[in-house]
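Heads up, the next two complexes both have chain A, just with different partners, chain B and then chain C.
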Partner chain A sequence: MSERLVTFPHMGEYWIAFETLVRELGATPLVPPRMTKHTLELGARHSPEFVCVPFKYNLGNFIESLEAGATVIGQAGGGCRFGYYAEVQEAILKDLGYEFELVNLTSSWSVGEFIADFKRIAPGASTLRIARAFAIAYRKAKALEAIEDRVRKSVGFEVERGAHDRVVSRFHQRLRDASGFRDTARLEETTLGELGAIPLDKPEQPLRVGVVGELYVLMEPFANHNLERRLAEHGIEVHRFVTLTSLIEHGIRSRPHVRKLLGDADPWVKYHLGADGTESVAMTWKLMQDGFDGMAHLKPFGCMPEVSAMSVLQRISREHTFPILFVSYDAQTAETGIRTRIEAFADMLAMRARGRTSA
Partner chain B sequence: MRKAYLGVDIGSISTKAAVIDEAGEIVASSYLWTEGNPIGAVKRVLSELEGQLAAADDVRVVAVGTTGSARELIGSVLGAQVVKNEITAHAMGTLSLHPDVRTIFEIGGQDSKIIILRDGVPVDYAMNTLCAAGTGSFLSSQSRRLGIPVEEFGDYALRSTRPTKIAGRCTVFAESDLVHKAQIGYAIEDIVAGLCNAIVSNYLNNVGKGKEIEPPIVFQGGVSKNVGVVEAFKRLTGHDVLVDEIGHLMGAVGIALLAQSSGAEGDFDFAVREFEFQTMGDECGGCANNCEVVYVLRDGEFLDGWGARCGTGIERARVSASAR
Partner chain C sequence: MRVGLPRALLFHKYHTLWTTFLEECGFTTVVSPPTNRRILERGVALAVDESCLPMKVLLGHIDALAGRCDAVFVPRQEAFERGEHLCVKFMGAYDIVRNTLPDLTLVTYDVNAEHGIDERRSMIAMARALGVRAGVARRAFDRATAAQHAHEVELARLQQSVAEAPRTGDVRILVVGHSYNLADELIGAPILSYLRTLGAEVVTSDEVDKALARRHGAAMSPTMKWRYNKELLGSIELYRDLVDGIVFVVTFPCGPDSLMAELCARRIEGIPMTTLVLDELAGEAGVRTRLESFVDILRERGRRGHLREVGS
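Moving on, here comes the complex of A and B:
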């Protein structure tokens, strides 16, 4: 076989960390082409109709990458049905006639298996090399998250439109090239400094909204129609707590984490809802008590864990008159409808806040 | 000179406009069919308003707001100070008339919505743009099928003593159920009343699902003119349901109020309708997203564009506009 070209699904800007991971393992990464409508069309055309939308996006990424010459696909496990994604996608792609190897980074989280999977991505890599590659990629993911967290909270208040985006796109470029831990840490620090220097017009007590829901639509702006940014643009500080590294950390310490979530979600949820469902409830309940102005709950259409969470959230919203914007995404979700709803939601929060201060 | 504010609410079916003075009183208003041509409809609305204002003494429009599905397009055409979604606009307009309103039902020609308010502030809302079963177009198509003018529909319903049960979940089922009931000889009054019930229960089970519906309730939109549906709402919610003579203008009044409270002012001139506006659509083709970019030309010059996911789409539209 010719050169091994390793690809992976897109999710937000994490491709920078995935690319580093593959490179540090000693293999050649192939970053999937930028996500477009075409990606989704491709994925949807070859997916079972009723499968949730993250599956379709992933499949679209894989097809585009395979067309670009990828020979190895890394897919992650976790979630609920998400656990079976890799097998089904492998079968579909093989039926389409592609030749490739699919490495399923399973959800078992045993260190031994993990290392074995990585050795399949990069045969011949030593355990030490794998550990180092993972650690560097992890550090880059952390840096991405720190920057994005800051941007979510301040971009809605920038005086000059586009100031944040300029800093961020330079950051992405440099993060790609960052060679190790120290380089990444320094880049993170200087970028936070640059972001901090951007002139803001921010009120003393800005509106604050938390974003919760299913991990993929939360973290992929293309799939959620840029919901976080659109909220922010209405003068809102946007908070999100689910990130790739938080998921990995919680995956490793899954049992104590779920116990803590159930504690936070008390009295609303007694049993774990699966995937991110319990976290959606726990987070909402907590942020409401912290005085947040509202929440946005995002889910793929038909996503079971989040459907369960949603019915609880609706009760919280009703009983505590706490505004929650519910958005459900499928392959046909229309952009204009979402924009109108986000705008109405933001207006509603602003009016409520004004009512509070004048009362 | 008195300052005034123009609000325009342009939906796919009808276009509504209102001019309010500084006290929030309506000094001119207009209501007509959009007929698939929002720009044409707005021009007609403007000439009607100008005629009405000529009779009033010396009012000048200092700010414009637009809402409804064509709000962005018309916002650019009119140089609006405020462009806002119809939920906020309707809530503001209705509050100006009923400061204590807690629930707003709205059923229009092709969509429906519900807004929940508490203490004069919207706290929850939902809208339905997908299912036709709960909207005015379903009602008018069924009235045609039964051979009754839609204006008389409500009176038929009121004469019924025993409304027929019609499956209201879905247009297709409702339609076949209705045909069936008509064939086996149910009285037409009872079928019409059943249909009104079906629309209302469809509405309450869809957009109204999970919402805390409390009085005072205000019912708006084209379908609110149908007394049969109003009665069905009263029966099924167990509350009184208010319908205003000017309920159809609430979106326009609301957006005019928002234009006023924005504090922004500009030079608005009714002569804007003498310009030639042209809307164009193009696929950007800049990348695989192939965004459908819609843009508008004023006297052949690029004015504004929408639908592009990035700046490239608008730039390309601008270039192809000037190349024309």
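Moving on, here comes the complex of A and C:
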């Protein structure tokens, strides 16, 4: 049998963790080519017209990877349309004439099925090997998240432009090569040290904005047109709470997590809104109470769980004059439109803050 | 006490259950009128822009009930069976309404098989909270489920009668769409009636034995997780050999339907299909033209098929 080349969808820089996972499982990873406009065009051309945009990005990644020789695709899923992506994407790609095997990781949160799925990615891998591969990949994802969290909070205040990016790109390179837990932990620590040494021009009380919403457009800067960075560049400390590992942890403990969210989202929602909708409401309410200056709510156009959340978010924003920037993304979203709206939003926050201090 | 029922979403599936239950509990029921332009316009104004059309219709109906009843009935459904899902709008409907129209008094009950919250217990608890005696609520539930069951048996019988009856027109079309779209006066009804005007015989995806349809739907698409989309898929399987063409009625921007229609276009062969995507701006003229040309195509195919049979 020919070599198994395993590919996966892009999401931010998590490809480093996915690549490690596949490699540690004993298979050969094929990292999809970097996202470009062409990726989206390819995906959109073969997708149903008004399916949510992450479907189109994923499909574009798969086509580009299959063209590069991939033979196995790993796809995940979630509590909304995302849970049905894999079967439809498989049908589309087969109709396009590609030959491959799709491993659908959406089936359940049960450990047994998870292991069975991973064995389909790398036949012959022992359970121990799978556990170790998952743990190392998970640790790398954690390291990525720790670095990105720090960058979001400080990049807007760097004295020398590009200082953070230099450290981060070196970090990505080294994280890719990191061989195990200790290596990864040490790398995370040194990188945080390097980031901490970058000279900042940061006010005592900077503007703080939380970024909330649908997981994919939150975590894929290409899809959200670099919203976090653009906000930061206006002298804003950017906070985000949804990460891949937080989603996995909440997925495993979904029932107590939803119960907690419903407590946090009280009195605004009584029942779980589905997918990450309740989370968005709970976070908005928390950010407001924590004295954040504003919030950005991101979602793919027509994302039903987030549209449900919006009816609550709009009310919170109205009744508590809490500024929220609502952004919807589809395949036609223009970069300039996003940039202008972010600028106007940042100006408004700065004005409000000046009004507060002079009062 | 007067309880208002919006003629929207699952009302079109469960009106028998709900009205029977509420009336047996001693309440007066008030149902909003069939959707009209005004109701839709109010719904569009109240809803978040990107809401799907059925959600806009729901909000319009709720607005139409304001002032005409003491409380509006907005149930919340997550799952009727374990491992099965409903579209998230059914999970969110109650809280969406509550936050869109905060001054309205609502009554609700929750169905969530995943968490062991079943319909019987929830509906009885709702009635108890409104001051209905336990025995009365239990009896009301039994009568309501019996009535609902009879209604569903009738739908299944319709399926049987289509299979057995001789055709009444030269083309027979299966219209596939959610009951809340097909039964809506403004969304689905004009499509069904126009097809009949064109001389087509129409059957709908609602006229099936639901449990049977869900089993067929699950077989057609193993990871299909939405209960009502399973029913729609299953209806295709049950009817495909009895009809000449299939019309999908999809409301913008329905997630489950957009993926389901895509899968059907790729997996179902040998039968003409067309998809109508409707939103609040959909003009009747455009829809009519599409339907006319589709019926023409089916007639043309029918003639050719007939010629082939004669020739062979």
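The working rule: the second predicted complex is superposed on the first by the 357 of 359 C-alpha atoms of A that agree within 3 Å, B and C clash if a C-alpha of one lies under 4 Å from a C-alpha of the other, contacts with A are read in each partner's own complex, and residues count from 1 in each chain.
Just so it is clear, a contact is a pair of C-beta atoms (placed from the backbone, for glycine too) under 8 Å apart; a residue touches a chain by one contact, two chains touch by 3 or more.
A quick note: this is a predicted structure, and the numbers were derived from the prediction, not measured.
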- Message: Tell me the contact category for A:Arg318 with respect to chain B and chain C: first, second, both or neither.
- Response: first
- Query: Is A:Gly337 contacted by the first partner chain B, the second partner chain C, both or neither?
  - Reply: first
- Regarding the shared-chain residue A:Arg255, is it in contact with chain B (first), chain C (second), both, or neither? second
- Touched partner set for A:Lys37, first chain B, second chain C, both or neither: first
- Would you sort A:Arg182 into first (chain B), second (chain C), both or neither based on which partner it touches? neither
- Query: Hey, is it chain B or chain C that touches more of chain A?
  - Reply: C
- Is A:Met351 in contact with chain B, with chain C, with both, or with neither (first, second, both, neither)? first
- Using the superposition on chain A described above, determine whether A:Ser328 touches chain B (first), chain C (second), both, or neither. second
- Task: Please work out whether A:Tyr84 is in contact with chain B alone, chain C alone, both, or neither, and reply first, second, both or neither.
- Result: second
- Message: Show me the chain A residues, by the header's touch rule, that chain B contacts in one structure and chain C contacts in the other.
- Response: 314
- Interfacial residue positions of chain A with respect to chain C in the complex: 47-52, 79-81, 83-88, 91-92, 95, 104, 106, 255, 268-275, 277, 301-305, 307-308, 310-312, 314-315, 328
- chain C residues touching chain A in their complex are 47-48, 50-52, 55, 76, 78, 85, 87-89, 91-92, 94-96, 98-100, 102, 110, 115, 221-226, 252-253, 255-256, 258-259, 261-263, 266-267, 277
- chain B to chain A touching residues, read off their complex: 84-88, 118-125, 127, 129, 210, 212, 287-290
- Query: Which residues of chain A touch chain B in their complex?
  - Reply: 33-34, 36-39, 314, 317-318, 321, 323, 337, 340-341, 343-344, 347-348, 351-352, 355
